[in-house]
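First subunit A sits with subunit B, and in the next complex the same chain sits with subunit C.
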Partner chain A sequence: MPQPAFIEIKNLSVGYTSRSDKSILVLRDVNLSITRGDSVGLVGESGSGKSTLALAAMGYFKRGLHVISGQIHFDGIDMLNIERNALQRLRGGRLALIPQNSGQSLTPNLRIGQQITEALRLHSNIPATDFHAGVIDLLSQVRLPDPVGLTDRYPHELSGGQQQRVAIAMALASNPEALLLDEPTTGLDVTTQAHIMELLRDLAKDRNLAMLYVSHDLGAIARVCNKVMVLYAGETVLTGSANQVLLSPRHPYAHGLLASIPRLNEASLPQALDGRPPMPSETITGCAFADRCKLADQTCRSSPPPLDHLESGETVRCFHHYQIGQLNRKPQKSAKSNPIATCKNSALSLSNLSVSYSQPGLFSKLFRSQDIPPSTVERITIDIKKGETLGLVGESGSGKSTILKTIAGMVPAQSGNIILNQTEPLDTMVEKRPAAYLRQVQIIFQNPDDSLNPRHTVAQILAQPLRLYYGLSGTPLRDRSIAILEQVRLGEHYLERLPSQLSGGEKQRVAIARAFAADPEIILCDEVTSALDVSVQAAVLDLLDALKRQDGTTYIFVSHDLAVVKAISDRVAVLYQGRICEIGPVAAVYSAPFHPYTDALIGAVLEPDPDVAPRLTADDVVELSPPKTGCQFQRRCPRKLGSICEINIPPAQEVAPGHIIHCHIPQGDL
Partner chain B sequence: MTLSSASYQQEKGRLVPVMKDILARPSGRIGLTLVFLHILLALLSPSIAPYDYKLQNSALMLSPPSTEHWLGADHLGRDILSRTLMGGREALLVTGIATPLAVMWGGFIGILFGLVGGRVDEVLMRVVDAFLSLPWILKMLVLIVTFGTGIGVLIPTLTFFYGIPVIRVARAATHDIIARDFVWAAKARGHSRISIIWRELLPNVLDTLMVEGAMRWSWMLLAFSSLSFLGFGVSPPTPDWGLMISDARGFMSFAPWGVIAPVIGLSTLIIGINLSADALAKALGIDRAQKAPM
Partner chain C sequence: MLFMLIRRVLLGGVTVCIVSLIIFSGVEMLPGDACTQFLGEYQADDELLAQCRKDLDLNRPAIDRFAEWTQGAVSGDLGLAADGKTKISTIVGDRLKNSLLLAFCAMSLGIPLALLLGVISGLWRDRLPDIIASTLAIFAMTIPEFVSATLLILVLSIWLGWLPGIVLTSAAAPSSEFFPEILLPVIVLSFVMCAHIMRMVRSSVIDVMASDYIQMATLKGVPYWQMVFRHALPNALLPAINVVALTIAWLLGGVVVIEVVFNYPGLGRLMIDSISDRNLPVVQSIALIVASIYVCVNLAADLLTMIANPKLRTMYMRKQ
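What follows is the complex of A and B.
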């Protein structure tokens, strides 16, 4: 006998009223039911309404949003017509939320113990004398080390992963029956994320929770959820079990979304999903996805498809779901089919580069009262060939962005040389570099919202490098700008737009266009896709690859995402605490023999496949500074040999031509 | 959030929607009407004032409002209505010139300090703090006593002292922007400091400066009137609200109309400016009170 639904959302439509008094729908006629023991994953691009739906389950709506129709029930309680006090008791009580950025949701001036005690006092029945024991019990349940010591710490003293665990402990304080998770691991490192996923999975099982998990990360969903619902433009387009949706999606959108995820077991670029989702304010006559769909025909554009209930238990909103087999999952072209690194000339050579952020004060300079802390980045020697793409991969704090900033001349190097085009070493500060060199190195930043001046139109943005390096103005300037825009697949009509009038993907294209406007030799890409949706990410990667083929540009591509780096790079360097662990051709680094850190990283990657479990080798401890002597990975290494790792710098072992591993473990055992 | 960004207009065409937004708010409508009326009066008052502002009539000395002299007469028997109508001319002229100048120099220096940063910025900001810690009236009186009164001294003095707090505001606004990637990108491309100030920083600081300028204007008006009140501003017989309040103060117990009329003139102008500044801040989306949760 099927269990009764614990959280039941029926025909929910939510919207806001625009300035021109138009009613605009954010969610359209959504049904969702979750029973205890179920964890439902809510998937969709940004703006698809997934967070709105999750918060609606708590009876909460962001300012300006209101329910247009529908019902929300939690264990039979009508959440839309409930007394304020009762609702307050439910929220954080039987129904707990774990928000996206827990670092911001913890009160900065309260100790961890006090915060959790407050949750216990408000939402549990345990007597006040047992609060301390309760707090320690909760902290150990979320597998935090040294729970007793932790109660006296402040949130800023914890790492992001630890903060997220504390947030989970607070949510568990009330012994909730349902958990709502809003992107709980976004922004965390791969290894940390994998550990938190395992924790959530176990908690859901042990406590028989009803869980609603919102994420854009299909890998995380695959690990935690047994059911998945895909939202597109505020509508349910596909529901089914995790296996059904993630392995054989019946809706073209879900299909495209899955195809756009770069995967570790594929050597090529993922397939981009073209176009963008409609804005909530646009009027949609037929299927909302029709403009981006390869199966769409005249019917799709004229009438909205109904939500079909299939025999397999899935529901699909598509006229052509039986034709889904026509969409091939194989990418049209393979990036690695013609390797470019034919040119043997060095484009950029870093020799023994080290960077230190610490500036000893006058006192310590005079009296040497303090030891000088180890450099943030040390012993970086890499030679990058013309036309090559070098991937730099590592967790936060691995020094990958610092290396890019040093190459760009924005962070001074402590020692070592940066040599461009086999000439004399470059000055470490950008102000002292000759203009001809400045043009040759350009950067693309992570977040286009931040790297494009919000007050400049696209024309003004592109004019900056064109004026500076080529002295263009008037019609030649405009013509060149249009040509560059067309290269990044944007049209002339974008020239007069402001960044706020562009989508995330379009903004990043403009940022790419600005970098290419200088016609540089080397482009430094700093996490260029991590602020974007997966489908947009695939398109941006595709664009970067095409431009490289056309111009023969050299890329240094920094990312924390191992699959993305694998898809775009020719050679990869794995960094930990500002030191190289392993460097070599992509195929060699991503297969045995591994450096223990590379092994831990690759093992922790969550694949969008419910049958694949991550291998967790190293702890998810976050180290703030590198060790003073020995191997950088000594404190977390699962295969540490002994004191040799603490004292001696690991030797560079060339395990294959061009594939170097810095480790004390003998070559044959790696 | 989505609402405001969706309706965001282009830089060139931004003036019109911002004006519309200001006028859509009661504070903006009332404020701008008051300011506009005052400017209009300042321009037209010489021709619409019913009497000569300096004509003395001993028979009318301190006479109460009547059908002939609607607001009565002052201690020299001059028509208060005529003098009140014209009493804002000097104040508007001086502050109208000094405010933009103060915002310009203070804004430029503030952005420069923010961009340079480091120790230079620290030291110079302490100098600014030292200046701000002195009572304003003292600083101004020192300069005015040294160089004498008159527009030629008042405008530079007000410009100088009212630019100093603008430095602080512009520097803070610059600090918000300086760490953003587009400034880094401009530095990495090798743009000059002037180009970074002009193209990257100024457009983003401008909103804050405009609102700050509007607020400074009303402060400056008060300062100007205070100086006149103390006898260091406009010299008699030129009509000025501050001076009129000062002159009529002694007779306030039995001839309050001599004080009330200029007070209404001055306060409506200041309220008008403050309401407009408030509406401007909201229209530009930099009103901090709006961002508070719930």
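What follows is the complex of A and C.
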């Protein structure tokens, strides 16, 4: 006998009215039911309507959105026709939300204690005198250190992981029966994310909660959910158990999505899912996914597929779901199986580079000159060969972006040298570098929305390096621009477009094209795929790899995502607090022997596989600055030896040719 | 925190010093001086001119006179007016008091009204209360003050006869005697300043109401008005502090047009009169006073922002 649904959404369509008075649908005819003890994962690309659906379960719609048809019930209560007071009691009461980006979801002018007390006052029966004790109890339940001190803190004084825990504590204040989670770990470091996922898993189990978990991260979904629903362009395309959806997806979109995720246990680049989802305003006659689907035929384009209920309990919206096996038989790309022979010559060598952000002001120079904090980045010595891709990986604050900015000349180095092509030392200030050197080092930034001038057309964006370095103009300029656009797999018709007329992936391609227009020796990639959806990320990685094969360019690739770094790099450096922990060929770094920090990072990665559990070795404490002496990882290290780690800089141990680990632990024990 | 405070006060002091230097040298560089003005057509008589300059102490080097002037200004003695008899502190003192009175009245009417209207139109964005308030604000900002002032005199004083149209009280009269004559200028000033502050508050309230933490508060079940007063307004009103400060400084520095239209004996009119009389010592003194007012009010606003904004407050606290 199945349990009655706790959260029940029936035939829900939500839309907004466009300027031309047309009704535009964001969600189309969606059904969702969650029983107590169930954790449902809601998956989809940005714009698929997944957050709208989750918030709809609370009877909440963003400004401008309205329900066109359908019903929403929570434990039998009609959420669309409910009195305001009753709704306020439910929200944050029996039905609580853990928001995306807690840093912005906590009110900046209220102390942590005040915000949690408010939740207790609104939704619990405990007497006012017990509020303080209640707050401290909640904060310790989410395993926050020093709960008493924390109550007096303001949200901005906490780290991202701590803020997220506070948001969870606030949601638990009312002892809820259902939890809605809207991308609760996006933007957090891997180790922090893994710890929070474990906390959520335990909570769901202990309290028999109904959970709706929205995420684009299939690894996180695999960890906490037992059922998964995949949304595409506002429609349900696939539902099933977590095992069914994540291990043998029956819909081509879900299949493509899973294939596009880079994984730690695979050496090759992930398969890209080409194209982009339709905009809500586009009219779709057939299947919304038809344009990107390899199985699509005439039927798919002319008539919309119905949602089929399969015997296995899955539902799938596809005419050809029984042919899904054909997609698996595609030959694996041999991208990384034969790495290109790297030249012996050095493209860029960093020697003993150190960077410090703290510049004492006039007053502190005059009044308190001692107490100089340790440098943000220190002792960075790396030699990068021509045609090599060096991955820099680490959590936020590891100094990886700082190193890139220093190479680019945007942040002055405190000491050390940067030498280009073995002989040409680069000045630390970009203004003092000659144009020829500038051309040879190009950078691609994380967010193309910020790095492309919104008022320049693609033609103008590409013209800048071509004019500056090659003095092109007129027809040669145009021809060269078109050639470069074609290299990044965009056509001539993109020339006159503005960045706002491009999708996220296309914008990043333009940014890549701009970097390649200079025909550089070295391209610095700063988290270039972090702002993109996974399917788009795979396409961008594929493009970067293809361009490198063509031109033999050297990349320095910074990312917090270990699987991405593994997929693209030849050699990897693992950084913690601005110091190198481990450096070596990619296969060596990602397998034993490990530096304790590398081990902690790799263990915390969540694979999109419900059967794989993360290994959590180190705590997810955020450190604001590196220790003054000894090993950078001493305070979090699970294998700390003792005072030697606090006093001496760890020695470089070469455990295999080119594989160096900086650690006091003897080579054999690593 | 204390460190920061001392730093800001010192910087303010430096600003005032630089301003006083610029004012003094500006006045020095003008062709002619009090004596050429005073003597008029007789200035061609070199002997007379020299005598006059000696009487008025103008023949000493500029640097000496600057030092003397600043020393006096610090102790509150601004020296003598161009006629060489009247003390500037007496003339300016009365006018400053009157300007403060006008500014204080306009502030106590205008600022609360502006905040109220800004919050209302922000919360009821694009609906009737907002449309009415925003339209009025645009009128208030675009119609020049002398037009709205004249219109109000026409309606409230000439047609309806409710309020006196101009100020006839003398500059030295006690504050209480300015009522009810001061009411019309106060109304016009509040109207103008209200518009600027209101627009600012409105957009800030709209931003905050669209923020993630307000959505979170709603979804936490916080009742609407409690959310507005606890979560939204403390954050929405922070950016208003600086606009309010600029408005206050503008009011205190003498609102020339309004004072002229209503014949109000404030600093602004004294400034205009002194300029046309070539009474340069008075002009100098007023400019110095206005500059100090700007520096003080902005300093106060920055400190207030720092205290009211938990981010800034904790930043300076922790530095200690």
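One rule holds for everything that comes next: the second predicted complex is superposed on the first by the 655 of 670 C-alpha atoms of A that agree within 3 Å, B and C clash if a C-alpha of one lies under 4 Å from a C-alpha of the other, contacts with A are read in each partner's own complex, and residues count from 1 in each chain.
Note that contacts are C-beta pairs under 8 Å (C-beta built on N, C-alpha and C of every residue); 3 or more make two chains touch, one makes a residue touch a chain.
The shown structure was predicted, so the numbers you read here are calculated from the model rather than taken from an experiment.
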Partner chain in contact with A:453 - subunit B first, subunit C second, else both or neither: first
Touched partner set for A:643, first subunit B, second subunit C, both or neither: neither
Partner chain in contact with A:629 - subunit B first, subunit C second, else both or neither: neither
Touching partner for A:498 - first (subunit B), second (subunit C), both, neither: first
Subunit C residues within the subunit A interface of the complex: 3, 7, 210-213, 215-223, 230-231, 234-235, 309-311, 314
Subunit B - residues contacting subunit A, complex: 2-3, 5-8, 10-11, 180-182, 184-191, 199-200, 203-204
Touching residues on subunit A, where the partner in the complex is subunit B: 16, 18-19, 64, 279-281, 408-410, 430-431, 433, 435, 438, 441-443, 445-447, 450-457, 460, 464-465, 468-469, 496-498, 500-501, 514, 518
Residues of subunit A defined as touching subunit C within the complex: 55, 58, 60, 62-63, 87-93, 96-97, 99-101, 104-110, 118-119, 122-123, 154, 156-157, 167, 170, 363
